[in-house]
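Down below are the structures I want you to see.
Below are two complexes that have chain A in common, paired first with chain B and then with chain C.
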Partner chain A sequence: MEKCEGNSTLKKASTNQFLNFVRHTMFGQRRHVVIAAFVLFGIAYSDAGISVYPTEIFVVSPNRSAPLTISNPTDSIIEVWVSFGHGYPVAFDSGKVSMSRSDTAGIGDLTASKWLRVYPQRFTLGAQGAQVIRVFGTPPPGLASGEYWARVVVSSKPKNARLAVTRNNQTKLMMELVSQTTVPYHFRTGVVSSSVVVKQARASMDDGYLRLRVDLRRAGNAAFWGRINYKLLSSSGKVIRMKDYRVVAYKEMSYSVLDTLPSVYEGPYSVELIIDNVHPSVAAQYRISSEPFRQRIPVTVP
Partner chain B sequence: MKTLLSLIVVTVLVSSMALSQSGGSAAVDAVFTVGTALAIPVAVPGDFGDLAPGTTYTILSDGTISPADVNGQTVVLPVEWDLAGQSGANVAITFALPPYFTSLTGARVPYTVNTQSAGWSAFAYGAGSAYNPIDARVENSITLIGGTATVQLGGILAVPLGADGSYSAQFVLTAAYTGL
Partner chain C sequence: MHRHRVRYHLIFRAMILMCPLFSTASSQQPVPSSPPEELVPIEFDLKRDGRAEVVSLQRENKVYLSVRGVFDFLRIKNDYAPTEGILSGFFITPDTSYVIDTRAMKARVGNRSMSLLPDDVTLRADIVYLRIELFDPLFGLAIQYNPRTLKASLATQVALPVFLNSKIKRLEDELAGRPLRLKPEATFERTFSWINGGQLDYSFRQTLSSAVIPSRSFSTRITGMLIGGDAEARFIGNLSSGVDITQTRLHWRYVPVKAPLFKQYVVGDFVTSGLLSREIYGVQLTNHPANPRIFFADETLSGQAVTSRGVYMFESSRLSAVDHSASGRYNLNSALTYGVNYIDILEFGDWGETFGSTRRIAIPASLVPPGEIDYDVVVGRLRDVGDPWHGELSSQWGVTSRVTAGVRMEYYGYDNLPTKVFPDFNVTARLADHLIGEALLSPNAFLRGTLDLTLPSLVSAGFSYTDYRSVRLFNPRNAINEITGHVVVPFSPDGMRFAFDLSGTQTILSPARERKARIGLSAFIGVFSPRIATQYGWIHPYDNLDETNLVFHETEPSLRVRLPANLFVTLAAPFNHIEGSFRNFRVGVLIQPVSNLLLEFEYDRNFAIQSTFARFRLQWISPFTRVTAGVTRGGDNLLFDQSVSGSVGAVPELGEFFFESNPSRAGYGTMLIAPFIDANLNGIRDAGEPIISSARLRASTIGVGGFRLTQLPEIGWVIPRAIPYQNYVVELPQIDLENPLWIPRYRVVEANSAPGTSTYISIPVIAGGSLRGTVLHLKGPTLQEGVEFVKVTLREDVSDEELVRVGRPRYEKKVETFSTGDFEVIGVPPGKYTVSLDGLQLASLRLQGRQLTRPVTIEAKTDGDIVEGVNFILIERK
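Showing the complex of A and B:
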């Protein structure tokens, strides 16, 4: 005896039946082949996708609002809702980067999440649809100079529940997926400044790898967005290798770089390190001017 | 191509903002920065098979299920999220997972994960792409190699005696650029 639950559409049921047909009959049980078949046959089988642009928001007083475009990359109808939180990337001694998240700001953090609003806050997006929302701030009067942070959290889930079909004495598990992306928000007022202080920079070369470790601390009253450029120089000053890495420091950060090297002879070399404020995804008008940091580190290939 | 599309979007939006400012208002919108949007274009609910009461099932991130489900299937469909964005960018991902699945009558099927329950790879359909196990209980950082990544999730299900019918639960994946 078959039992049916949920309020999904016939189209969804057909999709499920086709999925089971493909999975059990045509292609055996390999997931990748199944999903590839859906892609090839143009059948959307995605429950909750989301795309958000831009990737960072910078608002400079007296401006108050910023647009955010939210897109539905799937062929399903989705519900979208927007909320605010607080968080920023941090790195531990291991060099592993993670997000420090919370609903409230940490000690010493300047948070904007309490006075941010969004309109519309909740809405439905049709297949492949898009909606521009506005994030606007109502900062309290007399706000001290500085940069106030928040994270805009955009969530989506399918509008229609999926159909569950089970047989007696068997258990079927249904999943509702929620997809979330978060966008960092920065509100600047008054005089803002930002730079980095390098607490320690180390470099070594062995086994065909260059290892670079940079521990830095943000200075000023705004997050530092920039890049680390390193050059590997021979003893005669010839550039052997050059590479850029993005750097973001809200407070303290540790960066560990492991880069493969071309064949080099034994002997002395040096690594030239430059940290400046040119982050590739931050437009020029939002860069906070600061003197680039420069350091040359001697290294030896044993 | 994505960068080109982003530039087109920026151009259109900046142009529209410029037009909207023609009314003479002093306050203007923030201008967009240039970057590739972080997208989750695919979110596929798993199908953990037809499960028997009184059995504990372990589903690895690649869909391997042990013991086999009641139909003899040894591979089921793990939950999958595909991410797309700036090539080479680092993305922090966090799961919010349910402690159990719930039926309409309130009955529960406990759900947990271990270190073999989740993993990610650069591209789901590409042969030879490295598969990276992750612990779904903590935050993880992944890299959008070539601009994409696929995250897969299984789990451990302790189906109680007397369990019957369908159960549901909500799974949340949060993804954010770290800016690196």
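Showing the complex of A and C:
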């Protein structure tokens, strides 16, 4: 079963769980209620104070393993454990990006989570400490060409740092903060290809803002990692503004850009859009060659 | 704690925001006269470098950040003067001051000024709040604010002082955790071999000319191990006439592994190192090490600290020592190496200011490490007319780290010498960090004193005085004395680099005084490198003291231009002032269109003799050899030449040959490190046991730390030009192996390289296993909970006889359970083991188990064995 994380998780967990929590806390018979709360997902630098490097893993057959460095920049001791899931970012019609995550792969997804292992799987990190772990894959023989995805889920919680609140000698609330950080994992075997098909690209300018919306779909058998470069051009072709945005498309994705503009006069302009495979955090050896997408969109400042 | 506060605040704010939702929609609120504002603590997240709580002021849709809060965290100096309403400080460096004037509504950072609008800055309780968007145009800090998470993020490449702080802390931690020297688990000593390996440098050249007889010459240099030592042979000759015996040089050297008296025994051809460097064939015995000396001595650098935040010493840009002593006086230990040591002694202020100095300490090769005595004995015949006998006894003593003194006695068997014995006394002294003085007093040959000064700014000066005796062997020009001096002053205005040089020599000869001087100025301006130099030569004959003849005066302007596509053009036109004409005009063009192809063209027009010289040359460098072809035209003659050169090395262990295009490999060693999967656990690489293809090996030697090795597919990792007789430490970190369950037999090995041959080191790697289990507390029929901190021991099963023989099990590992009761041991070698819990600890926890030990077996499998479910169930002790 898929679930969407981020703020929507908090919304879903809302009423019933909150009431249950209050019931247990105020009137329950159990002395301890342990709540795993504030579960954040999808960023490589989490609130519980661990950082993970690299922030994405690419393994190309016949290589089978990749190192991952987990650092504890805090001054407290934490316990860290690593598991695997399946997920990728998706975009809603509103342009809001969220993480689609499930324990099992969706239909048509090639998942690596079933045959991944990690060593060590659980460990303790001292204050300011770091640990290199190895994500090791044992892909089954005869694996079809393509890119197999997984998400390396790094969970952490403070060690020996449970907060206890005593209420009327009967109930003790214990709160445990667990954070999760995920790192996308990609295992490539055989022939892989990746590019994007732009379904729709729109641009408008008003109120001192440039609004750009790009709906795209990934083509090929691997996720697309690249960047959107846009240039705002005057009618004479002079570049007024230029910016890069990172793009990751596992399936379908929408990007909305709201950019503050310098003072511009009324009149016709154009936005030149280029989407290529140069993602700043992907090493050159892992870039999948594809033809850059180019489009020029006319815009008018009213 | 502040993170928690931020979260609670988030919840609190969410509740406040929700309140209007529950209020009646029809309620009418009075419209405030001024926009409401709120002070909200938010989280300020500096990407990859921590976070802090910063107070923000939120008004309408605008967000302001406390400049003090942000800058204190980023360690940017900020002072607010309430009477003037001015916030000031400096941004990163003291020469970039900034001012935010809340009354005049102006801001200035360095030379940039900006007018502020009333909405840009707000003052509350003597704290300046700046609109979050203005941190970027003013300071280049693009802060992104997320109102939903109450989080401001800053990802920047600006070298903020906070980065410096964390970098220093990281370096200190690294320094504290850095082992002084990796301790090898195995040492591979050199072994005796009658003949082993071999390296051949070769060069063949053929010339065809319309003016001279065609020639086909060759030059070879062969090195390898022979009768326990290393041998070298050089042959020069012609394909038509064969080897030229007079140019043949043979050399054999024995370097014992344990050397009580002499470290090198040399027989054959070598070069003397006495008053004269001459070729000799004979015998040399010396206790000088066969490998080049790199480390000189430890030296304590002292001084007075400016701050109380510690003094940091960086050697070659690497933190090597820290002194946090409270006395204010620092003492830092530096490991000085031969050559030039650049040592930065730095201190850091509260706001990232850097204080300190660079010390440049030169250690010349003539200094012997303190406390050591070098001595050598040489007997042989010089390769000179009549093959005169030569003998040498010398001793050099490193008196202190600043002074080396030596005595030497030399014998030269030339017939026409007034005396054949030449004693000398020599001293080398480090008079200061930048000043080296040397004195050589040989009463029968010459007396010489030199001073060399080089400052950290690379301004250098040198002075030398020689007083000659009338022995032609050492004084062929029959000079009385000679003074030389030079000065080089580099300077860099506006990013350009210039160097001014001045040198002069005065030689007092018997009939005259000779003076020479040269003044030069060179520059590097972008792609242009111009230089102009003028040389003078005067002769002052003693028979006519009034006459001073300027016999030579020439100015040579030259220009070198670096163009795209690796195209270099050189122009030069020396002008002879005495004759009033240009001597010649030279043009050189060099282009390297691809890395392995070099094209050269030279043109030289000599106006004095009215001749023209032109040459075109092509060089192609393949991975195996270097091929050169050229054509030269001088006058009416054409000359064609072709050459082939390179180097070939043999590795007998592999039956392989290695080729290299650079013909200067002979004399170096080759080290091959081959980690392999030892499938049958016998420690020897058998057929079918593959070399590990994915690993990262690092090597180090004295003075060169932590360099990565080159991988040769199917062979292993190689140090191609290992310094002969040098010890190398090679590290094979288990974490860098592709499979984390692989266990190298040795993680750190040390080996001594031998010249002209290969040192082959095979490291067995076994596939181990991992063990996982859980310690559970059974609290009810269906309720069980993991027990944390339980000690779990994994011990190899050994027979009683073996235990008596070995003393303890070869493998034993103790771990503790995590909060879930899980435990894990990885990298366990194949074998039979027992997993056990500590009964005493369980008793103290008031727990007991039906079974406190469990046998497990780790089997030898290619990808490693995984044993899971080694669980222990505990119950409450009655």
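Rule of thumb we're sticking to: the second predicted complex is superposed on the first by the 240 of 302 C-alpha atoms of A that agree within 3 Å, B and C clash if a C-alpha of one lies under 4 Å from a C-alpha of the other, contacts with A are read in each partner's own complex, and residues count from 1 in each chain.
We take it that a residue touches a chain if its C-beta (ideal position, glycine included) is under 8 Å from a C-beta of that chain, and two chains touch if they have at least 3 such contacts.
Values in this document were obtained by computation on a predicted structure and should not be read as measured data.
J.: Going by the contact rule set out at the top, does A:P280 touch chain B (first), chain C (second), both, or neither?
T.: A:P280: touches chain B, not chain C.
J.: Which partner does A:P89 contact after superposing on A: first (chain B), second (chain C), both, neither?
T.: Once the two structures are laid over each other on A, A:P89 reaches chain B alone.
J.: Return first, second, both or neither, reflecting whether A:W225 touches chain B, chain C, both chains, or no partner chain.
T.: first
J.: Between chain B and chain C, whom does A:P67 touch in the aligned arrangement: first, second, both, or neither?
T.: both
J.: Check whether A:V59 is in contact with chain B, with chain C, with both or with neither, and answer first, second, both or neither.
T.: Only chain B; A:V59 stays clear of chain C.
J.: Please indicate which partner A:T181 is in contact with in the superposed arrangement: first for chain B, second for chain C, both, or neither.
T.: first
J.: Any idea whether chain B or chain C touches more of chain A?
T.: After superposing on chain A, more of chain A is contacted by B.
J.: Looking at the overlay, what does A:Y245 touch: chain B (first), chain C (second), both, or neither?
T.: In the superposed model, A:Y245 contacts chain B only, not chain C.
J.: According to the stated criteria, A:R213 is in contact with first (chain B), second (chain C), both, or neither; which is it?
T.: Touch partners of A:R213: none, neither chain B nor chain C.
J.: So in the superposed three-chain picture, is A:Q128 touching just chain B, just chain C, both, or none of them (first/second/both/neither)?
T.: A:Q128 contacts chain C only, not chain B.
J.: From the superposed pair, tell me which chain A residues show up as contacts to chain B and also as contacts to chain C.
T.: 45, 47, 49, 51, 63-65, 67, 73, 157
J.: Which residues, counting only chain C, touch chain A once they are in their complex?
T.: Chain C residues touching chain A: 3, 7, 47-48, 50, 148, 173, 694, 735-736, 738-741, 770, 772, 818-820, 822, 824, 826, 863, 866.
J.: What does chain A use to touch chain B in their complex?
T.: Listed in rising order, the residues are 3, 5-6, 19, 23-24, 29-32, 34-36, 39, 45-60, 62-67, 69, 71, 73-74, 87, 89, 96-99, 101, 151, 153, 155, 157, 162, 164-184, 225, 245-248, 279-283, 285-286.
J.: Quick one: which bits of chain A touch chain C in the complex? Just the residue numbers, please.
T.: Its residues touching chain C are 7, 38, 45, 47, 49, 51, 63-65, 67, 73, 79, 81, 117, 119-122, 124, 128, 132, 134, 136, 138, 157, 159.
J.: Which residues of chain B touch chain A once you look at their complex with the stated criterion?
T.: Result: residues 6, 9, 13, 17, 26-48, 50-53, 62-63, 70, 73-81, 84-86, 89-90, 92, 94, 96, 101, 104, 109, 124-125, 139, 141, 157, 159, 163-180 of chain B touch chain A.
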